[in-house]
Every structure is written in C-alpha cells, then in structure tokens.
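Take a look at the structure set out below.
Residue numbering begins at 1 within each chain, and the chains themselves are lettered A, B, C, D, E, F, G and H in the order written.
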Amino acid sequence: GYARVDLDRAGRTGDPEVVYGAGKTPAQVVGILRTLHERHPDRAVLATRLDEDALAHVAAELPDARTDAVARCAWLGPLPPARGRVLVLSAGTSDAPVAAEVELAVRVHGAGVEQVRDVGVAGLHRLLAVRDRLDTADCLVVVAGMEGALPSVVGGLTGVPLVAVPTSVGYGASLGGVAALLGMLSSCAPGVTVVNIDNGYGAGVHAARVARNARGAVDG
Amino acid sequence: GYARVDLDRAGRTGDPEVVYGAGKTPAQVVGILRTLHERHPDRAVLATRLDEDALAHVAAELPDARTDAVARCAWLGPLPPARGRVLVLSAGTSDAPVAAEVELAVRVHGAGVEQVRDVGVAGLHRLLAVRDRLDTADCLVVVAGMEGALPSVVGGLTGVPLVAVPTSVGYGASLGGVAALLGMLSSCAPGVTVVNIDNGYGAGVHAARVARNARGAVDG
Amino acid sequence: GYARVDLDRAGRTGDPEVVYGAGKTPAQVVGILRTLHERHPDRAVLATRLDEDALAHVAAELPDARTDAVARCAWLGPLPPARGRVLVLSAGTSDAPVAAEVELAVRVHGAGVEQVRDVGVAGLHRLLAVRDRLDTADCLVVVAGMEGALPSVVGGLTGVPLVAVPTSVGYGASLGGVAALLGMLSSCAPGVTVVNIDNGYGAGVHAARVARNARGAVDG
Amino acid sequence: GYARVDLDRAGRTGDPEVVYGAGKTPAQVVGILRTLHERHPDRAVLATRLDEDALAHVAAELPDARTDAVARCAWLGPLPPARGRVLVLSAGTSDAPVAAEVELAVRVHGAGVEQVRDVGVAGLHRLLAVRDRLDTADCLVVVAGMEGALPSVVGGLTGVPLVAVPTSVGYGASLGGVAALLGMLSSCAPGVTVVNIDNGYGAGVHAARVARNARGAVDG
Amino acid sequence: GYARVDLDRAGRTGDPEVVYGAGKTPAQVVGILRTLHERHPDRAVLATRLDEDALAHVAAELPDARTDAVARCAWLGPLPPARGRVLVLSAGTSDAPVAAEVELAVRVHGAGVEQVRDVGVAGLHRLLAVRDRLDTADCLVVVAGMEGALPSVVGGLTGVPLVAVPTSVGYGASLGGVAALLGMLSSCAPGVTVVNIDNGYGAGVHAARVARNARGAVDG
Amino acid sequence: GYARVDLDRAGRTGDPEVVYGAGKTPAQVVGILRTLHERHPDRAVLATRLDEDALAHVAAELPDARTDAVARCAWLGPLPPARGRVLVLSAGTSDAPVAAEVELAVRVHGAGVEQVRDVGVAGLHRLLAVRDRLDTADCLVVVAGMEGALPSVVGGLTGVPLVAVPTSVGYGASLGGVAALLGMLSSCAPGVTVVNIDNGYGAGVHAARVARNARGAVDG
Amino acid sequence: GYARVDLDRAGRTGDPEVVYGAGKTPAQVVGILRTLHERHPDRAVLATRLDEDALAHVAAELPDARTDAVARCAWLGPLPPARGRVLVLSAGTSDAPVAAEVELAVRVHGAGVEQVRDVGVAGLHRLLAVRDRLDTADCLVVVAGMEGALPSVVGGLTGVPLVAVPTSVGYGASLGGVAALLGMLSSCAPGVTVVNIDNGYGAGVHAARVARNARGAVDG
Amino acid sequence: GYARVDLDRAGRTGDPEVVYGAGKTPAQVVGILRTLHERHPDRAVLATRLDEDALAHVAAELPDARTDAVARCAWLGPLPPARGRVLVLSAGTSDAPVAAEVELAVRVHGAGVEQVRDVGVAGLHRLLAVRDRLDTADCLVVVAGMEGALPSVVGGLTGVPLVAVPTSVGYGASLGGVAALLGMLSSCAPGVTVVNIDNGYGAGVHAARVARNARGAVDG
C-alpha cells in the first residue's frame, strides 16, 4: 500500500522506473525492487541513494542483486546490451561517488561507459593528455565540485553533446554545490546542459539515451 | 582590437563561434559577424541577444544577413542542411522569444526543428493532443516559465532526450526565472537536463548535436 | 508557568488550539494536551511534530490519547462528526508523513478525508485514472516535493478549491523544499493557495474549514 | 497563431481562462479577450496585469469592455450573479492595487465582495473596530506588505477560511515582498494559506470558489 | 595565550566584556571568566552560549558562579543594583531560552527586568490583557519566532523604546529565523530596532543601557 | 476614502503617524499631511520618501510646510522642543540622504541632534578625532553602507545606546545594503541594534525616544 | 562641508584617497579631485565610477585632468613612475570596462601594466598561446564574468600572485556576477584571491602594491 | 587508482600540490602524502582539513610527518627556508583554527610568519597597540568572523598588501560566514582581497608568494 509503482514507465519511455532510496525504509526499497524486477525480469532495475542499511538489506533479501557501495546503488536483473559510448570525466577524487552513480545509470539504461578521473582544471595537462578520447564518445558527462569549471573547458574542446553534474564537494562559498551549479549554468561554452547537484543518475539517463541513439557510434 | 574571435572553434567542435550580442555595440556585432563569415563563408554564423539598434545596424551593414525580431537574432550565410529533428514545446505565449531562439540555434547548428506552442500544464489536454509527436523527435526542448512544470510532465511521457529551458516569465516568487530553474533541476522525471534561464541558444546547440548524430532519425 | 495556553481560541475561531510539539519537552506536551482536553472534553485536541519520546510519553501518561507515528501526531478526545469531504493527493511515497498530518488535521477539525497516494506527474496516467474523484471533493490538498508540479496539473483539471503543500523531499537545488514552494506559488493554474514547507497541519485546517462549510457537499 | 487559448477551461473547472497581460502586446490582449468572449458571451472574461497602453487599446478596440486602472484589469461580458461573500482586508494605502485585483477577480468568478482598507497592525484599533464583520464572510482575503503581520492577527480572531496576499510594498529587507511572503507562510495562526507576491488574482479565484460553495452564506 | 581579553572595556563603555561561549572549550570559558572576575571583583561578569559541558565545568571550577540552564549562561560576582525597568515580552513557549538570555543580560548590565510570556499575536487577548504594563517600562524587548509579528503589534500600542529579537523557532520558510528577522526589520510600527536571530544578549545590553539612563523611571 | 489615517497614534504612543510617501500620489501625500496637521496643529507632522514631484506639490499646496530635498522629507507645524541629544555619525559622503532623514526624524520626535559626517573606518583618525563627543550623547545613530563596519568600531568605544542604519551604498556583493545589514546584525560590539536598510526614519524615532527620556542629558 | 576627505591617507598607506564617483554629483567629484590634487600636486589622484556627466564636468572644469571613457575614470596629476609589472587577463569582450579600471588603478598606484584580452576558457588555445607571459609578471589580475573559470585555469599554470575579478557579465543564473564570484572563491587552484564584482579598482590597488614591492621585477 | 595526483604542479607553479583532506579516507590521505613526498623529498608537502582519524592515521603511518591539531593539518618533509614575512591578524579566540591554517600554509610555501591574535575592532586599542608592526610585514592576512570588520580597519592603516579571510564564527544573520565574506568584499579600504570562508590555506599561499618575492623584505 505504501507505493503506486509506475509499472508502465518502460512502456511509455523505454526505461523502467528507478527507485529513489532516500527517505524509504530498507524494506520498502527491497519491496519496490522486487515488484519492478517481476515486471521487468529480463532487464536490470536500479535503486539509488541507498544508505548502508539499505544496501545490506538488499544484499540479504535479494541475493541476485548487485550493489555498488561507492555509488550507493543496487540493481537486480541483467544489464542490457550496451549501445553507444558515454565518457565520464570527473575533476577530483572526492567526486568519485557521483561519477560512480553516473556510470551505473548509464549501464542500466543500456549504453557503454568509461571513466576518466581527477582531471580538474588546476592541472590542465591531465585533461589535455586525454583530449583525443573526447571525440570518441557519443555523449560526455562532466562531474565537478567547488567552482565547477571543468565543463566549460571540456565544452570548448569538443562538439560531443555534454551534460555537466555539479557536486556538493567544497565548503563556504561553495554553498553545498550551488556555486558549481550556477557556474555550469552560466558556462560560456556552447551547449552545456546541467542536472541537479550530485544527480549522477539524471545525467546518466540522459547520456545513455543520447548515446544509444547515436548514429555513428561504435557500440562500446 | 576589441575581440580575439575564436576562429578555430569549428575546427575543434564542428560549429563556429556564436556572437553574444549583449554588452556589445552594434558596430562590434557587425564586425565580429563579418569576421566569422569570412572564415566560414559557406555556413551560417549567428548573433544572439541583439537589441533593436543592433538588429537594424546588422540589416543595414550586412545586406545578406537575415534577422528574427522575436528571437532577437541575426545570421549570415546559408543554413547547413538539416540532419535529425528537434521538437520545441513551450508552455505559454510569453515564452515565445526563448522558443524562437531555440529554433534558430537548432537550424544554424544543422538540425531540423518544429515548434509546438502554448501547451502549459494547466490545460493538459493541449499537450496530450500532441503526445504522439513526442516520440518522432530525436531531441526535445521544453520551454516554460513560472513554476516550470512542463518538462516533468513531458519527461514522464517519452524517453526521447530532453533539455528544459526555464524562462524569466512570472513575478514575485518566480524570482526572475529562478523558481522554474530550481523546479526543472529538481524534476522527478528521469533524464531531464537544464540550461540557464532564457538560454534558448544553449538548449538549441545541445539538441542540434544530439539530433544530427541520432541513429534512426528521418532527416527533417 | 511555561505556557499561557490560548484556551479561548475555540470561542473565537471555532477550533481549539493545537500543540506545536517541536521544541517542547514530552512533559510539556502532555501537560498542555491535558489542559486543552479539560477545556474541551467533548472534542479532540491535537499535538503535532512529536518525536518518538513525546509520542511514547503521551501514550504512557494519557492512556485515552491516540497516536499516529507516521503523522507524528497525538490527539485526545473524540473526533468531531465529519462535515464535507477533503481529498488529499500526494506525489510520492516520501511525502507520506506530510499527507498523514493533513489527514489527521482535517479529521480533528471536523471534516471527512480521503487520500490518493503516489500520483506524481512523471506518471500522469496515475492521476488521470483518479480524475473523476477530484470533483467529488469540497476541497483538495495536494502534497508534493522536488519540483512540486502536481498542484499545477490538478489545478488545471478541476475548479474545486485547492491548497498545495510543498514538502522537503529532494536534494541539492530542491533547497529543502524551497524549489517546490516557489513553484507552487508561481503556479500557472488559477486559485492555487500554498502553505509552508511540510505544513500538513495548516493545509488541513484550511481545507477542513472550507469543506465543512461547503454547500452541496455530501457529508463524508 | 501566437496563442493556443485554453477554451475548454470553463468546461473542466467551471471558470474560463484569464488573460495574463504581462509580456503580451496590446493587440494580443485584445485578440485573446475577443476569442474568450466569443466562447463565453454570457460570462465576463478577465485580463490582468495590463499597462496603460493595453488598457487604452482594450478600451478603444472593445467598447463593451470595462477597465479598472487601479487594478490594472479589463473585463468583457456581464459579471455572473454573486453567490457567497468575500471580505478583503488590506493593511495600508499602498496595497490598494492588489486589493482591487482581488475584488475584481472575486466578482468575475461569481462571488460577492467587500473591502476594508488600511487596517494595518500598527493601529490595531482599526482592525478591532471591524472585528464583527469578519465572521459574516465566507472567505477572507488579507493583503499586506512590509512585514505582512495582518493575516496572523486576523487568523487568530476568526475561523473563516483565510487567504493571505503578500505585496511588494516596502524596501530594503522587504526584498520586494519576500519578507511578507515568508512571514505569512510562517504564520502562527492556524489555517492561513498564501499566494504569490502581489497575486490578487489567485487569491480572488480561490476565495470566490470557497465563497460561492459556502453552505450558510447569505448571497451578497 | 589563547585570548587577549578586553579588560579595558568597562573603562571605555561602562560594562565589562562578556564571554561568547560558542566555540570555546569549557576550560577557556572558566579561564576567561576568572580573569574578568579578577578585574571586576565587585560586578558580575557573564558568559553566554554555554553547552552542558561548559555549564558543568563552570559550576565545578567556579563555586561562586551562578548558572541558568534555560538561558545557557553563567555569571560570577554580584549583580549590580538595578536602575530602570525593562519588560520582556515573548510570543510562544519555545522562545523561552532567548527571553531568559535577555533577562540575564539586563540584570548583569544593571537594570531591572520582568517577563511576560506566551503573548503571541494569534491570541491577541493575551497581549491586550497586559497592555497597561507596557507604558510602565523604560524599554521593551519583544521576542518572537515564526513570522515575528509581535513587535509590530506592540510597537503600535506604546511609545516606549522597543528592541525586537527574532528567534529561530519555526521550520521551512522560517529559514532558521530569517523570516522573523526580515519581518521585524520591515515592521510598519515606528521605531522598532532589531538584533540578530536568537541574540537575547545584545537586546538585553541595549535595553539595560536605555533603561538605566531613563529619566522618570522608578528603579525596579 | 483612500486612507484610514491612524489619528489616534499620538494618543497611544506619544507621537503622531508619519506619512510614508513611497507609492502615494503627491495629492495623497498633501491630503494626509493636511489631515494629520489638523489633528495635531501644535506639533510637526512628517512625510518621508518624497520624490521631487511630491516635494514640489507639498511646497505649492501647503505653504507653511518645510521641505528637505536631501532627506526627501517634508513637515508641517512647529518642531517640538528638543529634549536630550542624539548624535548621528555617518561613514561616507554617499550616506548623506539617510543621515539627513535620521536628523529630521529625531527633531520631529522631540529630541536634539547633531551630525558628524564622513568618519568611515578606512580613515580611523577621523573617528578618533571626535571620540570625546560620543559620550556626550544620549543615543547614537551610526549610518554606513558597503561593509557597514562603523557601528562595531563605535560600539567598542562607548556605552551610549546605539542604533545602526545600513545604507544601500555599494555595488556587487553589497547586494543593495544586505552586506551592511548582515554585518551590523552580526556585530561583535555589545548592544548594537539595527533598523532596515536606508531606514533613517526608524532609527530617528527610536533614538529620539531614548534621548528624550534620558536621565542626565543636557537638553540639546 | 559635504566631505571630510581623507587627506592623510597617503601618509598612512603610501597612496592618496581615490574618489568613488557613484552617488556623487559632478560638482562634488570635481571638488574632491581638486582638493586631493592640491594635497598631492606631484602624484596623480583618481576618480572612478564616473558617468558621462561627471566625465564631461571633470573635462570642462579640470583641463589638466585625463579621462578614460571605457574605464569610466578620470585622473589629475602625473602618473608615478612604474615599478614592477602587472598582467591583466580578461575572458571576453564585455569584460573590457572592468579590465580598463584595473589598468588605470595599477598605473595610478605606481606599477607597470599590460593587458591580454579575450582569452576565455572556452577557447583554451588563446590562453595557452600567451602562457609564457604569465611568469614574467609580478602579479596577475584575471577578469571574467559568467562562470568565472579563467582564474582557476590560470592559477594552475603559474605561481605568480593572482587576484581574480568577477564581472557582472551574464544573465539568469549568473545573478549579476554572483555565480562568477562564488566560483572564484571556490577555486581549486591554490592562492587565488578575489575582489568584489566589477571591482577593477580594488584588484588594481592590490596588484600594484604587490608588483611595486616585488624583488626581481624588471620595472615596466 | 583513486587519484591522479598533480605531480607536475611544482614544475609549473613552484609549489607542490596540497592534499585537501575533506572527503578522503585516512588511507587516501596517507597515500597521497607519501606519493607527494617521494616526488618532493626535500620540501615539505601539506595536507589540510584532516579530522582526528586522519591526523592519527598520518601520525601512525608516517612517523616523520608533523601534525597540528588546531590547524587540522599535517606535513611531511623539511620546511623550506623562510623568505619575506607575513603577519596574520585575527579578530577573536574562535578564529584560531583558521589563523593556524594560514600560518602553516605560509611556512610550507616558504615565507616567515607571525601571528597577532584577538585584536577585534570592538576593542580597538588592542589593534592600535600593534599598529607599528603592520608596516614591517610584506603581506598581511586578516582573519575575522561575525561582521568581518577588521580588514577594513587594518586596510586603512597601512599600504601593505592585504588578504582577508572570513570565518564561519557567528550565528543567525552571520549565515555561516557569508556576512563576513560579503562585508570584506564590500570593504571601503583600498586593495583588500578576499578568499573563501575559513580558507586559511588559500590566503596563506597567496601571502607567502607575495612575501617571498618582496623587494626590501628582511627574511624572517
């Protein structure tokens, strides 16, 4: 009775509903995952924003589920075949959990994905060293906290569609990620789109859809 | 001397630089457009955020230029052939200038585009009446002011990649578009990405890139 | 000595004072509830925002009291007969505590109430499936977090008086409920009124008063 | 072409669409008013937020229209018969335009209305002098700028359903009406609901709906 | 070495420095109190914002000190004789700690003080019942959270100098006391001055100085 | 009809109502001033926030009125005899209009007043040169824009009651006076009270009341 | 009488006071410039934030003064000899007025200065092309609007002391320069310091002081 | 694999990368410190923002490392010889941790440093007593919370380059350091530059760079 799961979502949008774990009990998470899995037995269903208790409860109750402690996610059922390729760039070590959530969301939504970590703009050579890989992707996801400058720099180097994810990494005037968010929204690079602070999930869904539809992409 | 135009941008990203007209004199706008056109004679170059003086000056000085008074834009040179199809939905009559900027940006960046106007959520039947057209697009751009609810509703009806554009339409608690911006960023629909308030240009660039790369798209 | 309870409130307004439990000790809550009950022995008096300690203390000290752990409320004395009918719609599972506070406040203030849960706009068919029930109510309360779009959609489907309750569900740009609050205040649907973030109590009082005065209402 | 007027709104909600004049040309306002009037020839249709040009253009083009320069509104067609009674209280002289918009919206939406002006809390005797009239209304609308304290005081004196309208009157820390808005949302009086800053229209719609449905109301 | 106590302050201003306990260790609080007491053996010195540990440590180390757990303060040395009279009004039960801090600050700074509690504006008769006492004071301190309306009402009833103290009582749109603060700053009552959120200390110092200098005051 | 002037205010508070000119027509200002003057023929009544039109209209219609173009005020009737002494300190040349409003409000409310201008903290010697005058006042009003540091420095030099007035002088991070307001509210000097941004009137009323009641004051 | 010019400032700090022209009449600007020049006949004195009227009045009344319409500044008296070298980098054409204010402030405060314009991060090659010049400066000033990313990139390429100036260039989420300000404050590059939005003056003073004291600098 | 340490930073900027400890595990901190130390065996490398666990883990795993519990920092390797002299002034006892972070950052970046503590502006004589020391420094760092007025006062007394550090000390309207930050950015003293709230590290790097390059500085 606690939830009216949107079982029809895959019919409308091509992708099943994803469980937003924050504010749900471990038992609710397990219950909804199970319901979604019954509806979509041949396609992985995902739960995000799980705390340690929820991750443990999922592992105990759903032995076929897989969990990722860094991404704070769990999924149940086989990953779909990967079409297209998403490249996830992140600025610093502390952005890792958000980047991991992106990666998992991309995989669950049917695209291939690779990560390039710790290429913040204060050490530009690290980004320039991977520059050639940018154009090989069908969609880029760029994750950064603090001033969130990385998407502007990447967006000036390539015409691949780009989604920016501000993270809550920082303190003081970072305002819990608002500085990075405002910066990314104000980016002087063309075509940068943005999702909510720490919303790796949303960026991953968008990127996967772009990538799996992409024309010339080598499936990755 | 006043500008170091990024003439190399098309080489790096596939698309030439676009002139941001705000804060530039009409003469500067004309000068930069001319420089860009010389570099890209076979491909339209665009100027946005032009006031009436700038539009008039462009028309007078660059007889081959085209202008759009609603979108407050001008462009010079032939539009590239359209690959893929973008659908622009807008919520209310007052969102028209932003939707027009999206349309023009899409065309200049090489994709096809159609508009569906005035389908705000307070009269849901208007949106439901065009529902079938959503899945025919390669990318959606959804423009709305006030509470900015339209992208959440559209994003629940289709899996086509979606970019939301908050507009500054509204008053009081709308905070010049911040209410719509925050709402779109907090959307409960999966995969909604967002650009700056009134940034039709940025949404158009992203959508054109997604659409022109799209696999199954019927060129439009 | 710690409180000058407004014992005269029912005389002035028709409804006794309600105890706001936040920042009060369990003993204070019990003491004020007892005082109010003595004044209004034949009509339920309510305490809201009770933490687990306060709920337990009320249960132990006031055996006739009833408690609701989801709503975090307690009440003492018989519920008044229900006049009119309030319908409470909520967007997601995590909005349940606020919706429960609405329900209880409506009952204590003398109106009938029903809940429809988990009808967020990202799965519009769920709302459309209950659409016919909207017009049977004398007042609607619409509870939603994140972007808070549900009241705009409901408000476009019916002319029943509507109160919107933003919840603190969400993260990042949700700003603890401020995004939903601003969105609801900026709603393009006509006649939407709004209460404070998570203020199920206030919405319930308003809705009960509207419903119990309503002309054609079948008492529910 | 510029607008997809929601001609079906009266069918769904009982009340025709209202034109939001801000950001529309005088010709657009006239055009939409005419379209709405053709659809609802026997019931007044309303346009709000009209500047002087739009008011003049409406007067010139639609000789049967009526205009109210204080409320900045125009309407076309006969007012519906008034059912129920709304009382509008305002705190200061400068709140007059918003109170006038409330009054007109109530009338157009089919309820009776009276105004009590300049009863701000710094001269409490003025409010206490009209206290007996509060309980004779079916719904109250309380309009105040600056600190917005009036709804809290009124809401403690009566159990009549109450809608508070913050106005942008004030300076500095009033933040364009935000101080009054936050104060009204935080009101310690039970059941106060709130609309956007300066949104007399929205408060009037809600109040008219409550009043015209009200059980014991003497039609006024 | 950790502090350069302003031992000269009483010479310059008539009142010794007061210890701000937040962010200091219990040992630092005791040390500074002792230093100040040595400098001012015949006049109470005060420490505010003490947590339980600091209160306990003061009680243990300075047996002559007095502590007030509600006000979260401690003082050492004899209170000065009271000149003039301050009246402290507070809106609700939850404002008690701030009102207690005001009371203590007034006493330590040499004026007499009385409290009137729980006279919030939603039950106006409670305030009107004590109205005659307002004019007997040399200075008023008015403490309120949520919408902070009480100072406006009191300030309209009397010409006695008035200091308003917003408290952090409330939730959601109260923004931790900001709503009350903005409201008090925007008060339509003449001559209302305001201190920081929860700053009972600052209001008490100002009020004591006004009261102890007051001409016609009966020393209280 | 447009105003319910609070003619009883002097009876309740000792001081007549003051006209807030913003948002009133010149004719309304003249009308209310005249009404107030009839009620208080032997005591100056004041209007503030008058633009050039209103000042001219007052001068033309009320030949006995006096106007002050810097303070943007007008008054009608004889100033009351001055009891007590207020000292107004301002930080910079641009704060002059606010300081002038303070001065006038003090005079109209029956106290003596002197100004010390341009003693901002970046040239500390200017303040130290007038330091001896601080203790001769019964109340201080300290006016400053930008970072608003002056009240903290003055408040550390004297124990005279002090009211701080933030002004809107500044740009960027000054946020229209919010930086100065927050700084003054957070002042580390004891007993600093604050009024709204640019609210010279409110500070003047408070200071006049403190000064005219002051015990040892030499009437100035 | 309107100003207490800080004639002693050069004695205390080495540099004369600078006139902040905003909110001063042209006559006041001329008067203060003249006073400062009399005090410092052999050293340029500066006025900033001059509108067209003030610039014209200075030119007319002080024939020896020099004006800069882009920087909106005027100065009177000979520039001091330049010690050390400041390099000013700016991101876009619209940042020119702020960069010009930096340049002039540096010169008036006795250091040499060069500008590099239009090196925004979206076209990184433009910055990399001038990279070698970074280390030749004694202090860098980096001017950028929108997301304000340039200081982070520059600050990662060199260890020269760096001052960042956010400009108000941008719209929507740029919030009048706040996005750039917050981003620069949150920079992940080490040692970036920041001044107020559009405060070219302040950055210039700091940079000139650093440069003219610099050890190995070739005077430029 | 978790970090791509910027080992080349000293080559580009003269100073090695510094570890930002927040959000890193103790093991990660130790690992990165060790990597940096291997690269820079003859020069101290620094980690900031270490909690107790991280400090303990560093002490246990890296016996040659030094830790500072007040500054919450650790460093490994010999401090470079000190060139130039930085003076750190702080306003209150609670600012000590930030001042300690400044001190350590200065030393690690190769300059000499002294602290002057507890010289807040409310007791001005404490600052004036050390005034002569201001001009002996090559760079000043001024640390203050609450209203953050100290840099304005210091900046008016000396022409030494000055960096201001706002701290999060305070409550209510201090907004976690935002009041001090805005105040410092709006400072009326010339040439004040600012870093993020509590960012002692950033201020220390800038100051060390300025000081060690300074011309006439006596190495300290």
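Basically, contacts are C-beta pairs under 8 Å (C-beta built on N, C-alpha and C of every residue); 3 or more make two chains touch, one makes a residue touch a chain.
Which protein is which chain? UniProt says A, B, C, D, E, F, G, H = PurE domain-containing protein.
Predicted model, so just to flag it, every value in this text is computed and none were measured.
Although chain C and chain E carry the same sequence, what matters here is overlap: shared residue numbers make up under half of all numbers found at their interface. More than half of the contact pairs of A-G, counted by residue number, reappear in one of A-B, F-H or A-H; that pair is F-H. Fitting chain A to chain H on CA positions gives a rotation angle of 90°, reported to the nearest 5.
Remark: chain C and chain D have CA centroids separated by 25 Å (rounded to whole angstrom).
Per-chain CA centroids place chain D at a distance of 51 Å from chain G. A straight line joining the Cα centres of chain A and chain C is 36 Å long.
Chain G has residues 9, 92, 122-123, 156-157, 172-174, 178, 181, 185-187, 190, 196-197, 199 in contact with two or more other chains. The set of touching chain pairs reads A-B, A-C, A-G, A-H, B-C, B-D, B-G, C-D, C-E, D-E, D-F, E-F, E-H, F-G, F-H, G-H, using the touch definition from the header. Residues 92-94, 96, 117-119, 122-123, 125-126, 169, 171-174 of chain C are the ones that touch chain A when the two sit in their complex.
Chain C contributes residues 91-92, 120-124, 146-149, 152-153, 155-157, 170, 172-175, 178-190 to its touches with chain B in the complex.
Put simply, chain H touches chain G in their complex at residues 9, 12-15, 18, 138, 156-163, 181, 185-187, 190-196, 199, 201-203, 205-206, 209-210, 213-217. Residue ranges on chain D touching chain B, taken from their complex, read 2-6, 8-9, 17, 20, 22-24, 28, 166, 168, 176-178, 181, 196-199.
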